[in-house]
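Note that the chains are named A, B, C and D in the order they appear, and that numbering of residues resets to 1 at the start of each chain.
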Amino acid sequence: MWSELGEHLRVSIFGQSHAPAIGVVMDGLPAGERVDLEALEEFLQRRAPGRTDTSTPRREEDRPRILSGLVDGHTCGAPLAAVIENTNTRSGDYENLKDVPRPGHADYTAQVRYGGAQDVRGGGHFSGRLTAPLCIAGGICLQILARRGVEVDAHIQRIGGVEDRPFRPLGEDAGALAQLRRAPFPTLEQGAGERMREAILDARAEGDSVGGVIECVVQHPPAGLGGGMFGGIDSRLAAALFGIPAVKGVELGAGFRVAEMRGSENNDPFRMEGDRVVTSSNHAGGVLGGITTGMPLLFRVAFKPTPSISREQDSVSLSRHREEKLVVHGRHDPCIVPRAVPVVEAVAAIALLDAMLDPPARLP
Amino acid sequence: MWSELGEHLRVSIFGQSHAPAIGVVMDGLPAGERVDLEALEEFLQRRAPGRTDTSTPRREEDRPRILSGLVDGHTCGAPLAAVIENTNTRSGDYENLKDVPRPGHADYTAQVRYGGAQDVRGGGHFSGRLTAPLCIAGGICLQILARRGVEVDAHIQRIGGVEDRPFRPLGEDAGALAQLRRAPFPTLEQGAGERMREAILDARAEGDSVGGVIECVVQHPPAGLGGGMFGGIDSRLAAALFGIPAVKGVELGAGFRVAEMRGSENNDPFRMEGDRVVTSSNHAGGVLGGITTGMPLLFRVAFKPTPSISREQDSVSLSRHREEKLVVHGRHDPCIVPRAVPVVEAVAAIALLDAMLDPPARLP
Amino acid sequence: MWSELGEHLRVSIFGQSHAPAIGVVMDGLPAGERVDLEALEEFLQRRAPGRTDTSTPRREEDRPRILSGLVDGHTCGAPLAAVIENTNTRSGDYENLKDVPRPGHADYTAQVRYGGAQDVRGGGHFSGRLTAPLCIAGGICLQILARRGVEVDAHIQRIGGVEDRPFRPLGEDAGALAQLRRAPFPTLEQGAGERMREAILDARAEGDSVGGVIECVVQHPPAGLGGGMFGGIDSRLAAALFGIPAVKGVELGAGFRVAEMRGSENNDPFRMEGDRVVTSSNHAGGVLGGITTGMPLLFRVAFKPTPSISREQDSVSLSRHREEKLVVHGRHDPCIVPRAVPVVEAVAAIALLDAMLDPPARLP
Amino acid sequence: MWSELGEHLRVSIFGQSHAPAIGVVMDGLPAGERVDLEALEEFLQRRAPGRTDTSTPRREEDRPRILSGLVDGHTCGAPLAAVIENTNTRSGDYENLKDVPRPGHADYTAQVRYGGAQDVRGGGHFSGRLTAPLCIAGGICLQILARRGVEVDAHIQRIGGVEDRPFRPLGEDAGALAQLRRAPFPTLEQGAGERMREAILDARAEGDSVGGVIECVVQHPPAGLGGGMFGGIDSRLAAALFGIPAVKGVELGAGFRVAEMRGSENNDPFRMEGDRVVTSSNHAGGVLGGITTGMPLLFRVAFKPTPSISREQDSVSLSRHREEKLVVHGRHDPCIVPRAVPVVEAVAAIALLDAMLDPPARLP
């Protein structure tokens, strides 16, 4: 099991849903960077449960404690470690899962891999709760990037059948982004958010859940990041995003739509904007040959519906080798997409800062 | 620049389109495995240009020479190196590209990153030709997997507006797969292939190109491969696939369709098949929590239209800081998707064998 | 800065001498292994200060708190995180060190590298205190190894001019090893330990310090561990050992003595011991071609004298660019060698377990 | 098996003694660096056999062919691959070694690890011949370093009982270094070299071999390279050096002598040299806390006597499980130390350039 991300900035996630704590170590973080803990907690609040009526009523006190790596509020070059204590845990809910795995969860595959040693309580290390320390790491990276003019923002592009309008690919949404970060339901069109909320409540009322798509844009990324056949920013970003629980698809720029496009349509023409080389469209999503063009980095991530639903489901008893009905108890989000928005931003920020730490392609 | 893939089986790709040679080193390959060179060359032929009227007439003699790693036709535990000499190169075609970058290509981003030192001839290290050594590596992995009952097959699922029927997600296509490997246009429905071929020829006639989607299935993968937040088989597979030139999207199982699904529909119910735990559907694409379920591994990859088109395009002169018209000369595939089919299989095989080399989760 | 060790078992150390806490994350630890916390604390006690009159009187409560990775006292496959709170810190002692670096310490090089952002208090991340979490990780590995019959033991081979007899290279010391683990001054000859203790007290009386050599033996290692030009167990062990603060040399088997030996003398003849292939001597220290022979793994590690001495020393003011006299205050061990003995064992155990997790050279 | 070195500059060695070729891939090499092929061949000649009467009369045409990575004699950012064809091979000499392993060689351990699949001819991948591609990589790094004022030089410090005077630790040997690179027997004192030569010839006359120590100095290394508990330049250098066949010990600066020193003697006092901070002595060997001080990097490496000797030796038959006498045929150096001098320089250059490619500790 490797729960570590990054080539140069190594982000190591630890913890289980019902362990004493969850946390993160960031090794390779640049020194001398201020960490605004208040802003970090605000960022973490965007991921916290219990903010809206569509999320689980379970409250988490996601207040991180920084154990190391800071001196006077600035990174000191030593690994930064942060933990969140696990307080609100109700282990009793999960007793049966080791034998009768929940469809759509990692219960069965963890059993195959770890042979019964795995922690099943609350999903163990596979729990969505582990995205909290990921957000600590990402939140710190976002601050470092923002200081250099690089902004990462995401919105809910789709939930159930409801769509929000997509980002404008050349970055013309700049004005609308600030409000996204404050909204419990971050959409570009307010009406879309309301209809999504209804779709979620409908699903919950029926003991069911819904999935969705998150779209993310990175404004003003440096040009020239990434490179090599497998060291491209697209490869690294995709690997990182598929590490978020429930992700089933990642596409960059025009993504799967390229299958229906002609080259003459998909190629982004170059043009000059003053002294700067830019493109007139951005079907590439800001990446050519694995290297950033300097145009906005644009990608979408598909999240499956929460597998924990209250309806009865078909499963098996692993010990008795027979089929059984399963009813999953406990409190679960009927849709994790709204809370996953800052997680996508966090992961993108980590991948981007990591690429900014690549050795220079030329020595001075 | 890192052109290396894999955690335990490290596949290192080298070469440029017009360098003396291209090749690959595979470090960490299991010892004692027979390598059938004839079968390997047949596999490489599936990627070679000039096989059909839809691909570039340029002929490549993609005959690999194994330099090391074999004794009496079996791997010996030492790194296996293989090279393909570059013979058919016409450097003159590419003179202007360093100053006037081709839209949709890595010309511009390579210039930003390598500051003029990069090899522009034929796309240099970014050339699709570099997928030939990737196929050498993947072809060897496919043989090792097949010996253990694991089969990797892909077909063209879409080109332009034309669709082939998708794989049956539970692996019921087994009978149809053998013919896919022999077909220059690997589709499940013969008619689809013919219409795709027409779509490509139409595009070429108009000096244009088309993109597409390749779908890949891995039959009989071991259950329990992959794991950890970022060591999942999905993360590793996605990173590898985005390393193939022109890839813009990767989705697993139901992929982006999960956004429209309810949990009750998307969750794959468990059931018993004799003593074996299987699922009744396979929206997960064979992966839960980053770990293989043992059901077929199923994913799709989107390829953009070949950026080299013969139509005039808008670009800029990097030296003169002004806009210029560009006409790309040379011989190019109007659609790379048919030749990319074995490349997708190769990359999947490398990622899978690498995961099979993960340390055991439990010690004996 | 990378404070991470291991290829498959990734041990990530964090903390600074005066940060809120120090700790470790172990990712890739085999699942299902019992961790005896009491035995672990006993092992940590061997490293703790204040045990003898030759070490600093400063007391550390090195009681680790396990945050994750355990279920019912067994590893669960998820990363194991452990922390030790820093309680006994007196920051005032170290005020001046950022400007006037201590000779023999990392004060100056950290200043060059981190440009003033580094944590100077108590040596920051460079402090010997960081070997405590290393011992947590190593102590857990030692338990896993011991369960499989692999025992790691070390003794003080030299301090100042005083020598202990070396280990018998074929492992005939087995009987004497148990007492080494209980001794505050682990030597094979009791008299040697007493004379070393005197040498240390003499040095301290003169405001000075002494260095030494630790010898370590691994009994019953599996044969066939390690391999490849740079994946040898010797390379990995050496890299790990040089990570311990104050280490200036590592030698294996006959080590530097090989320079005076003839091949006929140094070559270890093979012979049969029942069905087992063994060697009649062990100048190789249990390693040939980077791979374990199955004979005891035997190596020695040189530790420099504690750089913090109470005598006045020559240094410079980095801000004023002039030479200055420096007197180092605070409490320091006049010799760190006795407390480094378990650290060497810990590091060897981590490197060995990591090599045991290498993928098999042949697939089943 | 991993035959790869480096974090950012990844040097991957392939080949076996009797495979069609041996070679190297360098991924991550800075772009835009001129490679002087003539100077590279001269450097490789220093490692070639048959130069003096103390080395094997076997001739190797170690002329490397660069397959990729260069454009107009400059690195282009793509991986640089180079091969040396194996021409002068006499496989017949090595028939028996798979069953009756040579003492002191990897024959036995390779058999344990690779279960009979390994290439035994001429030592296979464990052959000293594999240091030739290592010298290609190192030779290129040396050129890149020299262009920045960093010079790497080594001499034979000891062979048998004969000692050369050590390097002056503060780098005052600058004038004497140029001649070292031209000498077939690189020593600082001419008389020492002659006596070493005699010691080797004596050993050979008796069917035996001798070992030795190589000392290496890096002049004018940048200060501030390396860092972190396990990312120190000492750890990385030691790991690389132990990858050279026959190395049994590595020590830095005062090395094992620190065991007899007091802190007041071993600590290197700081002083000003103009505006530059230097040390008055260099017992640290240019490294404090794993980070370069900017003083000369100074280390010694112990090489065991060539295990292939013509005397009869005790071994076993692995198939018949019984003891057997073995006489090793073939042509072997009675001492590999003279030819290992450029190999040590090469490895140091790779490790140093790799550290120079570490991400900056602070972001601009």
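Going forward, a contact is a pair of C-beta atoms (placed from the backbone, for glycine too) under 8 Å apart; a residue touches a chain by one contact, two chains touch by 3 or more.
Because the structure is a prediction, the values reported are computed rather than measured.
Chains that touch both chain B and chain C: A, D. Relative to chain C, the chain whose mean Cα position lies farthest away is B. One simple way to say how far apart two chains are is to compare their mean CA positions; for chain C and chain D this gives 26 Å. Note on chain placement: the centre of chain A and the centre of chain C lie 39 Å apart, centres being C-alpha means.
Residue positions 1-4, 13, 27-28, 31-32, 77, 110, 113-115, 117, 125, 227-228, 361-362 of chain C are each in touch with at least two other chains. For chain B in complex with chain A, the residues that touch the partner chain are 1-5, 13, 101, 103-106, 108-110, 112-115, 117, 125-126, 130, 134, 158-161, 203, 207-213, 223-224, 227-232, 234-236, 238-243, 245, 247-256, 258-272, 275, 277, 279-280, 283-285, 287-294, 300, 302-309, 311, 313-316, 318, 321-323, 361-362. Interface residues of chain A, counted against chain D in their complex, comprise 8, 27-28, 30-33, 77, 144, 148, 227-228, 356-363.
Contact residues of chain A toward chain C in the complex are 1-4, 10, 12-16, 19-23, 25, 27-28, 31-32, 65-71, 74-81, 83, 110, 113-119, 121, 124-125.
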